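Dropping the structures in below, format is structure tokens.
You will see two complexes here that share chain A, one where it goes with chain B and one where it goes with chain C.
Moving on to the complex of A and B:
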């Protein structure tokens, strides 16, 4: 139901959003590798942050996986100040999802975005229960040490086919959507 | 002699008188002829003038006829224009009425769109209920975790009971059977707890995905209604 063009476009939009929003400094290295299996199968106790973009034709779930380790804490705590780390991560995920939403808008007129929510990684195997038409995970490494991952899950109610224009200049600053 | 002179003088006077009379008559005839000639000239001039005047009168009459014809045509044109103006006035009145109706409809659409935007509050209420449901799920997770701890403890206790029963020898044989049953029940409870935990996680994901879809769908509808409202407002402005 989701054409290969649309899958490639969604992947491109997600990776572009991840590269532009997840690194805290513009010159931080960000390596993204597709995963064959779910990222958190070996980390059942981890938590993930989940967001949804809804349209008339589909719903797209974005899942961000953050390791609760020293390098992650150190990297993302630099700018938190008095804000708890989890709130900071929620805000980053919200920005990332907002960037995806923004890049989908030229192709889908009516879109809405949810607020983020924290779930146990044990919930993720049940994404299959939503009968997704497209499910893909990516391992993301920032500066060679901060390891995280993103999963995209698209459930379509009608055939989806579009080719995203990925030649547009990336914006370095995003609008903060309050939640 | 004198008589002769007198006769001669008289004859001279008579001849002079006759000559004078002749001259007078000749002069009178000439004057009359001149006057007649002048009169004829004047008559001729007057006749020519009269002919010219008659020509002018004819031309004037022709012009009057043309003007009367033009006036009649203009009257027709005016009547026709008045009829068209009347029709245009009626059409204008109908168009004004249509415009008022459209304006009223645009106003109502904008009003409805504005009113329906308050649906966002409903979607947010549903989202709050998701938070409430998820809190309950968390509570069930905690209780299931506690149950799992108890079951693990029961397994240990049943193992200890089995060991103690073995130590008691024949006297403890019955107790060993009970301890085995307890361990089997604990194992089933443990499996049930694990299954329950998995169900809760499935429930967490389904609930979150559903309510996020509702929340995002609500925002999508609110944004669309905002666009409808803007379009209706723009339409209203154009109609004004």
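Moving on to the complex of A and C:
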């Protein structure tokens, strides 16, 4: 129910969002490689951060897996100050999902986004139980040492076909739009 | 001094926004969701500007804005939404609720500081 054009577009939108929102400095290297399964890089005892984008036509789940290791803590805790690392990661995932949401808006007007929530990585093998029309996972490495992963899972309620315009557009986030 | 209320369920955002505004000499109070924001509005009459997230548990930011205008009958406080949401439908609901402006996250303090000063004065 999701055309190959739409699948390519969703992948492009996700990877663009990951590259722009996950690295904490503009010059940080961000390498993204497709994974065979959503749960390849997650340990069963680990947690994942999940957000959803819903429309009349589909429900999209974004799953972020973070390794709780020294590199990850050091990289993301630079900006946390007194804020717990998990709270910082929740907001980073929120920004990443928000960027996906913004890039889908030109094609779907009725989108609604959830707040981020934490689940056990044990739920990941059950994503296939949702019978998704599109399921894809990526290993993400920042600066060669910070390892995380992202999974996108889309369940369509109707045929979806669109081609996202992936040409660079001016970054308008952060500006005040007065009514 | 007039006060700014920052409403966000993310402690990261609350710390970032409130910290930036305080560092620049503004008086800031924080709330963790719309329900808490509404309570702070009732207890702190000096608040002149509300900077609020949209998607929050317990009460979202747009519902809070509607209640500030409706239940609290406060027509003067300026309300700005700071959110990852950018859909025209959400903005229209915000306008109808008396929201003055919209900022798509991430927060860039330097881009909005002077506007915040004016709206909080």
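Everything that follows uses one rule, which is that the second predicted complex is superposed on the first by the 166 of 179 C-alpha atoms of A that agree within 3 Å, B and C clash if a C-alpha of one lies under 4 Å from a C-alpha of the other, contacts with A are read in each partner's own complex, and residues count from 1 in each chain.
FYI, a contact is a pair of C-beta atoms (placed from the backbone, for glycine too) under 8 Å apart; a residue touches a chain by one contact, two chains touch by 3 or more.
For clarity, every value in this text was computed on a predicted model and none was experimentally measured.
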For this session: Would you sort A:110 into first (chain B), second (chain C), both or neither based on which partner it touches?
Result: both
For this session: Considering only the touch criterion stated at the top, classify A:129 as touching first (chain B), second (chain C), both, or neither.
Result: first
For this session: Scan A:55 for contacts with chain B and chain C and give back first, second, both or neither.
Result: first
Problem set entry | In the superposition, chain B vs chain C on chain A residues touched | C
For this session: Tell me which partner A:102 touches in the superposition: chain B (first), chain C (second), both or neither.
Result: second
Exercise. When the two structures are overlaid on chain A, which partner does A:119 contact: first (chain B), second (chain C), both, or neither?
Worked result: first
For this session: Go through the superposed model and pick first if A:87 touches only chain B, second if only chain C, both, or neither.
Result: second
Seminar exercise, completed: Dual-contact residues of chain A (chain B, chain C) 110-111, 113-115
Exercise. Of all residues in chain A, which touch chain C in the complex?
Worked result: 21, 80-84, 87-88, 90-91, 94-95, 97-99, 101-102, 105, 109-111, 113-115, 172-179
Exercise. For chain C, which residues count as touching chain A in their complex?
Worked result: 9-13, 15, 19, 55-57, 80, 83-89, 91, 94-95, 99-108, 111-112, 115
Problem set entry | Of chain B, residues touching chain A in the complex | 127, 134, 197-198, 201-202, 204-206, 208-209, 212-213, 215-224
Exercise. Which positions of chain A touch chain B when the two form their complex?
Worked result: 50-56, 59, 61, 110-115, 117, 119-120, 122-124, 126-127, 129-130
